[in-house]
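Naming follows writing order (A, B, C and D), and every chain is counted from residue 1.
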Amino acid sequence: MSASKLMDENEAVARFVDDGDSVYVGYTSAAYGLCQAIVRAGKRNLEAIGGSVGPQGTFLFMGGCANRVRAGYVAAALRPGVVQEMMADGRLRFEDYSNQGIALMLMAGALGIPFIPTRSFLGTDYLRPEFRDHAGGFLRDKKWAEMDSPFDGEKVVLLPALRPDVAVLHAQRADEDGNVQVWGHLGDARWAYWAARKVIVSAEEIVPREVIAADPDRTVTPGFRVSAVVHMPWGGHPSSLVGYYDYDYAYQARTMSRMGRSMEEWQSFADEWIHGVRDRAEYIDHYRAVFGAEALDAIAVNAGPSPIAPVRYGYNATLRFRM
Amino acid sequence: MSASKLMDENEAVARFVDDGDSVYVGYTSAAYGLCQAIVRAGKRNLEAIGGSVGPQGTFLFMGGCANRVRAGYVAAALRPGVVQEMMADGRLRFEDYSNQGIALMLMAGALGIPFIPTRSFLGTDYLRPEFRDHAGGFLRDKKWAEMDSPFDGEKVVLLPALRPDVAVLHAQRADEDGNVQVWGHLGDARWAYWAARKVIVSAEEIVPREVIAADPDRTVTPGFRVSAVVHMPWGGHPSSLVGYYDYDYAYQARTMSRMGRSMEEWQSFADEWIHGVRDRAEYIDHYRAVFGAEALDAIAVNAGPSPIAPVRYGYNATLRFRM
Amino acid sequence: MSEQEYTLAELMCVAAARAFPVSGVVMAGMGLPMLTATFAKLLQPPGIVICTEVGAFDWRPPPDVSRAPVGIHDINLNDGSAMVSDMVDALGTLLMGGNVDLGVLSAAQVDRFGNLNTLVLGDYRHPERRLGGTGGNTEIACLAKRVLTIMPQERRRFVERVDFNTSPGYIDGPGARLRAGLPPQGPNAVVSTFGVFGFDTGDGGDGSCEMVLEAVFPGMDPDIVRLETGWPLRVADGVAEIEPPTAEEIALLRRLDPHHFYLTPGRY
Amino acid sequence: MSEQEYTLAELMCVAAARAFPVSGVVMAGMGLPMLTATFAKLLQPPGIVICTEVGAFDWRPPPDVSRAPVGIHDINLNDGSAMVSDMVDALGTLLMGGNVDLGVLSAAQVDRFGNLNTLVLGDYRHPERRLGGTGGNTEIACLAKRVLTIMPQERRRFVERVDFNTSPGYIDGPGARLRAGLPPQGPNAVVSTFGVFGFDTGDGGDGSCEMVLEAVFPGMDPDIVRLETGWPLRVADGVAEIEPPTAEEIALLRRLDPHHFYLTPGRY
């Protein structure tokens, strides 16, 4: 194929995240390491996208990288703090949808169709025109439309297709061509992989193509759509990754719970955990230095199933066409 | 959960295929055994649905079961014969779409939205009104609509959602609750599982729920949407099933190649291979009696990969929330 | 059990679980709803089918499950699910396709007609306070066949009209859902820190659609509930008193929340 | 190789494979297109990415592959694919999303502007003959960036205007695709039993869009090609003659079709 797409996170961000890009960051395939690299690189004027935008998105808001968000849920806005202030005073512009809304919009973007209907949002205040055209928004009449189905007269809301300029995602494994395999519930990441114009994937493991091709149902996007692959063990920490590690709530409580309260608190966190390290490997080294060499054992997986029956992708190589 | 959904194909068809139903039959998960049971049961006034409707659909047309078809490709119409005559004289009514069209329409049906846009069909003669309202059709102004996107003015064709009354599908394995696992390329069956109001699945193997739950990514539809599960080895024969058996072209050439030419040829085929057996087990017995006990070995899988790297769905069962 | 031996949050979970239908597909939001669904699934006959908006289908907590899912993204939801997939399958196909029998939700505000607000307090354009957002709450309220809401009760949360209707209940009364293009809904319920509410939908759906107090927690006076309700609350004739939780129920609940993530004493 | 040592079908495959771009995503229909794609992938530098409408992505035939896929449903397409999925991912996401660089098709009729007909001969409402149908041909013609069509040439198949335009080429000439709402397309090609055709799309897409004979098979006279074409055929200045297949090409092709499923002598 083409040359290997393997590179480190700083190169991947430098090459494939441009100032002004809309960036899918999401929740379930949360690419903490890649988001931290974006903050380190000082990217600007980004838009954060996700059905829900998790705490890794908070890095982008607090770090001055993203000034727009399109989501159904913004973890950073959950509690009073800087992000709520930014949304009130216009520093962070926002368009509120919902988990289903964003998931369907990503699907429509992936499908190359300009919009997709939904029956959600009917009967809500989201559809009030004065809320659609709110001062903090950036979509106006591109936010949604209403129509009656020409087939049965049923009311629907049309949501516009969403094609993020780039998606950053963390996965269990990939090969150097960019074929990515993920297992476990996927949230809206399944369609983000297909909708984004550029895809940057960090993966716990880089495997030969033979591993991918021996179980092709697990692949979530073909490599030719992927721009960069970063080998990044613990790349989703302190979020979880099925089969690798669980949420590190203890770390979150200790280091991240106050980072949204003020710029000073943020700077203290960022200086230590983002700017203070060169990459995710150094981040993990630092983690071990601070919390103990064995501290990550507390979140390592120690329960849960694995396949117990084989599958085979077999065919008949000596097939005859006549008896 | 509820009582087991396991039953034989004759009971499944008797209980869950009603005269007048629209029936997804498709191509890639071709349920030959179930379609033959429909013919044996003498169902009437059915509609056959699929992006492509394979030769198992031919059974329904020739057997007098289906008098309507909605598809992008109809194997039965490929060569001159009875089905072409039926389409010319109105005995078989038809609406022509395409593979993508039907796949998207099934997806829209599954999603519970009344229509889905596509950019396919633009510039074709399908969109000429005099062809939409053709004498052999049954949809008229419910077939498609055209509109400009309210977001960018782009032209699209709206395809109506499609919810077959019942889908008949053959799969690699299922449990008695109706959880179905399929691997390999899926065609439009992936959305037919979700779109149909009733789902009848025949499976090569019935496995305990533990097998299903140990690899839940392979499940294509949750059991609560499935009406009946039929344990049916060789249920897709003479079509193929990844990992189990390949196409039996030799059988097709010998027994099926002439069945569409006249009702006499059809009756001869049906008397032997459909009405002459009680179920798929007897069909396979008959096959062996006619072609030799080892004849099926010629289509058994003898090549192809199996997963070579494990996956795990693990989490941490002793997770702590504070350090 | 006596009152001192359980918290209000525990009482809410128990009361909510008892309000579950015996069978059907349940989609629960994060927080107490997910804990309650897990609890109900372990308590009840096996007809409850738990699905999440993130893509877990028919999750059956292993008998020795170490915790209820912490939120709907918890990776322990992969252990015991018959299928895992994505959000379009869950919120699109499953929910929008008409397959969800009960949605279990929480919210910052609820109003007389069961509408919820998960987005903002005050005027959306100049809010007093912005919240995290609706997540999947909106579509579950729009499209589930019935909705059970679990939330603490205060006068500023139980309001005549929600500040922003993110999640339609009966909107502004009889017929409003159909006029909006939504499927009908109900019977619905709200479990608060004071008791359990139903909605007057009438037998044929021709009631007033307003919230009615149907049962109170042990020792609770309906007049106190009225005080913490922002409209003239209707109280059912012969309002019942909820049976206290059993020791077994509380033990199971606490086992499911070993770190007091949800059930912190004094949180409600 | 001399003419006697290969069939016309083999010659078509070889000529078509040589017309492949060096890299890009290819989606091939059933029949000779799939065989040609397999053949080209094994012959050429590795930049060709084969995908099928049924859901195989980046299929790389194993070096010892026992047969080219018999149609697009062949289960041997799972062996060597980087991903397998479904038709919405393939014809929706991949194709409609703008990711297919070359579609390889066949048809019953082609016309002056490269439109194809896969559905019916004669008037759709009272046809002389009904065909199997378009399958995925329509959307590949609508949405692939360029299209290569492989089909036998006869005057009743190469027509001034197809009886039913299932699969748009340049429709009725310059600008027609954009007016219809389709993305632009090309350069396209047709490989027939006589030679290879291009389309006059001009450098900036401002040509007449009509089919032009660019090269003929060994020994073929362009006047014969004109006779079997249903409109006044343009022939390129200095029309080339295709180099005969090499012995290696023919050997590989025959290995890929061990049962003469596609390459039956006399079929074309």
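In the analysis below, a residue touches a chain if its C-beta (ideal position, glycine included) is under 8 Å from a C-beta of that chain, and two chains touch if they have at least 3 such contacts.
Quick caveat: nothing in here was measured; it's all calculated off a predicted structure.
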Intersection of the contact lists for chain B and chain D: A
Identified repeat of the A-D interface (over half of residue pairs identical), from A-C, B-D or B-C: B-C
Of all other chains, the one whose Cα centre sits farthest from chain A: D
Separation of chain A from chain C, taking each centre as the mean of its C-alpha atoms, in whole Å: 28
Averaged-CA centre spacing for the pair chain D and chain C, given as whole angstrom: 57
CA centroid of chain A to CA centroid of chain B, Å: 35
Where chain B and chain C are represented by their mean Cα positions, the distance between them in whole Å: 39
Multi-chain contact sites of chain D, meaning residues that touch two or more partners: 56, 66, 74-76, 78-79, 81, 84-85, 88, 92, 96, 143
Multi-chain contact sites of chain A, meaning residues that touch two or more partners: 104, 111-113, 118-119, 154, 156, 183-184, 213, 217, 240, 242, 246-247, 249, 303-305, 313-315, 317-322
Touch-based graph of the chains, sorted into line, ring, star, complete or other: other
Pairs of chains satisfying the touch condition: A-B, A-C, A-D, B-C, B-D
Residue ranges of chain D touching chain B (in the complex, touch as defined): 52-56, 66, 70, 73-79, 81, 84-88, 91-92, 95-96, 119, 124-125, 127, 129-139, 142-143, 164-168, 171, 176-177, 180-183
In the complex, chain D residues that touch chain A: 23, 25, 46-47, 49, 51, 56-58, 60, 66-67, 74-76, 78-85, 88-89, 92-93, 96-99, 143, 259, 261
Touching residues (chain side chain B, partner chain D) in the complex: 27-28, 51-52, 71-75, 77-78, 80, 84, 87-88, 96, 98-101, 103-104, 107, 118-126, 130-131, 134-135, 154-156, 183-191, 240-242, 246-247, 249, 303-305
In the complex with chain C, residue positions of chain B that touch it: 1-2, 110-113, 175, 177, 179, 194, 209, 212-213, 216-217, 219-225, 313-315, 317-322
Touching residues (chain side chain B, partner chain A) in the complex: 104, 111-119, 141-142, 145, 147, 149-152, 154, 156, 158, 160-161, 172-173, 183-184, 207, 210-211, 213-215, 217-218, 240, 242-247, 249-251, 253-254, 291, 295, 298-323
